[in-house]
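Sharing a structure here in structure tokens format.
Labels run A, B and C following the written order; every chain starts at residue 1.
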Amino acid sequence: MLESPRPRHGEKAIQGLLALCALLSVLTTTAIVLSLLGPTIGFFQFVPAGEFFFGVDWTPQFEPPSYGVLAIVAGTVSVALWGALFAIPVGLGAAVYLSEYAPPRVRKTVKPVLEILAGIPTVAIGFFAASFILPSVVQPLWPGDLHGGAEKPFMALAAALGVGLMMVPIIASISEDAMAAVPHGLRQGAYAMGATRMKVATRVVFPAALSGIVASVVLAISRAAGETMVVLLAAGNTPNFTLWPNEAVQTITAYIATTATGDIATGTPEYDTVFAAGFVLFALTLAMNLMSIRLVRRYREVYE
Amino acid sequence: MERPAVTVRPGEFRNGSAERGKVFELRDVGVDYGGVPAVKEISMDVHRNQVTALIGPSGCGKSTLLRCLNRMNDLIPGAVVHGSLRYHGEDLYGPSVDPVQARKLIGMVFQKPNPFPKSIFDNVAFGPRVQGRKKGLEGIVEAALRRAALWDEVKDRLGDNAFGLSGGQQQRLCIARCIAVEPDTILMDEPCSALDPISTNKIEDLMVELKEEFSIVIVTHNLQQAARVSDRTAFLMVELDADEDNRWGRLVEYDETEKIFTNPADRRTEDYVSGKVG
Amino acid sequence: MEAGGVASERARLASAGARATVAAALGRQPRRDVALNAGFAALLLLAVLIALAGLAALLVQAFVKAAPSLSPDLLTSMPSRINPEEAGFRPAILGSLQLIAGVMLFVVPVGVGAAVYLEEYADKSKWWNRLVEVNIQNLAAVPSIIYGILGLAFIARGPLDLGFVALTGSLTLALLVLPIVIIAGREAIRAVPASIRQGSLALGATRWQTIRRQVLPAAVPGIATGVILAVSRALGEAAPLLLVGATVFITFDPTPFSEFSALPVQIFNYAVQPQEEFKALAAAGIVVMLVVLLAMNSFAIWLRNRYEQRW
């Protein structure tokens, strides 16, 4: 009477099918690594690692070609850095305001607006950067370049500000979450001792939420490094080993996007450079993402 | 108080009343969670068409023991059940036993009413549907709601969401849901502890009615309830090991309810039921 | 002097002194502190306003630049490299619609399946399950262009070798947004209380019956919200599509196995043309895209509010 009326094969089969779906995520990561690794290894067979990792001239299409990846890494770093310089104060300021100062009604309206900003497609931000930020914001303040040239159609700073605008919601919302996780008891203890709101925000809440805040910044920078459309539209496409924000630069993503379009042939050195550059990008963002994940876990563990 | 000449040991019954079938036979049943014992060496028999109560202070493993009876401990990772537990003579933990099947025969009502976020009708019909029934559901639902003394209150609103019912009604709905599956035993884990006194009374009356058709085992920390409702009562207590690091539950005494409450054999039982210790 | 007079004088002085002390402790802050605090609060508010102003400027500028171009013809005309007056977004819009239909077909079963497995079946203490979790979190943050590389190497060419067709685009985008669905699905499933599962199992339902008949129906609003978020993301992505063959000058309506285009890619292509008219066209495309996204996200919010289960 306690045996099952018929064998429950269906249950096991369903469990297996669902496990396969979950496994797909691991397969995807493996596929990404494999797709990058193969051609990268091929690449390093004809380009010495030293030239790649330490060279500052990235001209694979020229004769003779030069494969110094630092030129495009510099572009990525420039955009991400200047973007962060804009996004960190704005994002953190907004986060502290929403967490410690804003009355509930203001919070209710501002938070969704920030989420809207997070959902704007990057091509729209790129268009905004190229057609508004560049001519109306950056160029009036910084006409031409330092060498006395004419007004430029592309500038790292314009792309950086666009990317920065993208980074603001990431920093603001994760930092705000981290601050909200700080127990009220800590704040109330400080208020009870006569601390002002500013002191509580800067001396109590901010340090307590620090690992979450740092995680948000790292994640935002990782997003900035991986951004393609904004830099294609506003930063230009010439590799330029510089961090000056008023120069046109080419980021890793821009290089990949312009070189790997449809008609490229497998097995050519050019094809391999795309993957080598992609590998560098993947490694950089992977390191930043893992760091950010660990930091988020740490702040969640402390209080939960 | 007079002490009887012969001490009644758990598992043996002195009275010579009419032979009753045994629903559960427990011999040295124990439960560990991740290697740490929660309950040890329980031996007792649960009889058919009776209400059997498990009482004792918090932490003595009453709910753990109850969950053994319908294989719900299987759902807790790291839970291991020792000893022998027979259900109508069959080993409940035998290798060919399907826990899903066992739970169709041994139903459970939980401490906090847990209706599904569906209509009243769908709540009660869930069990039969899951067993494959497609037709005749209206009749089954009505019968179950009547047996649970809830039909009159909900018959005009079977399509309403179950969450709209009061606590006591929700619990009776859970009982109806359980009955619809036609089990032969119903386990109740502190079924009234989340309810008001009036609902509690209704459910206690219900228990006495239901035992004509089902065998009922309840866990309760309400001594008066156990005294009012049950035919037999088992008293469990916490035992500490030598270093006082580990604690587990043990069966102290198991007998007819009247005996437990008026003339218990064990001093500890007497202290508990008279309120000297909580 | 009388003793009473001295005593009352002392009492008066003492209480005046006490009052002054309390007033000093509880009274107004020194002006410098007040200014500092006010300044800080103002800076914070400025930060919020800058963010809001940035968003507002973006939206206003897009609408203003798009104004000369906005007309229903946008949706029905084919693109053109030469003639901005007659150019439109028709194949791009159709392409985007096909792409997201493909994305949904893939992402809903696989994403929900993975979420169900991870929440209901997986033993959370085993290391390989935690590996899967970290994997998903990481994949959610990998740059979108890397997914383009993946699509190029594995789907367009490589093992699947589907070529540069819409299906390839769908699969590439689907892999990109799959983590969003999995993460949202897991949260929705996790929100269903254990008491519901226990109640179901105690009635003799199997694990899958419990999932199918209780857990999933209760989790649907949360899962649907996740799917809509994923689709919004997929709609706006251009970078991966550039690598898997989203061309911009097809002048026919695309099918899953033909060459294809997509709205953000078409916008990009118009945006890089030097003529002002094309830039206006690009802005118009952005307006169309934003309107669609706004509609989708409003629907998601409505869905969540209407069907959210309060336990």
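The criterion applied here is as follows: a contact is a pair of C-beta atoms (placed from the backbone, for glycine too) under 8 Å apart; a residue touches a chain by one contact, two chains touch by 3 or more.
This structure is a prediction, so every number in the text was calculated from the model and none was measured.
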Reference chain C; chain at largest CA-centroid distance: B
Pair joined by the larger number of C-beta contacts - A-B, B-C: B-C
Separation of mean Cα positions, chain C and chain A [Å, integer]: 15
Interchain centroid distance [CA atoms averaged], chain A/chain B, Å: 57
Between chain B and chain C, centroid-to-centroid distance (C-alpha), Å: 49
For chain C, residues that touch 2 or more chains besides their own: 206
Residues within chain A bordering two or more other chains: 8
Touching two or more other chains - residue numbers and ranges from chain B: 100-101
Residue numbers on chain C that touch chain B, as the complex places them: 123, 125, 193, 195-196, 198-206, 209, 213-214, 218, 309
Contact footprint of chain C on chain A as seen in their complex: 8, 10-11, 14-15, 17-26, 28-29, 31-32, 35-36, 39, 89-94, 96-98, 101, 110, 113-114, 116-117, 119-128, 130-132, 165, 168-169, 172, 196-198, 201-202, 219, 222-223, 225-229, 232-233, 253, 256-257, 260-262, 266, 274-275, 278, 281-282, 285-286, 289-290, 292-293
Parts of chain A lying in touch with chain B, wherever the complex brings them together: 1-5, 8
Complex contact set, residues of chain B against chain C: 70, 72, 75, 77, 100-101, 103-104, 107-108, 110, 112, 114-117, 126-127, 129-131, 174, 177-178, 181
Footprint of chain A on chain B - complex, ascending: 87-88, 90, 92, 94, 96-98, 100-102, 105
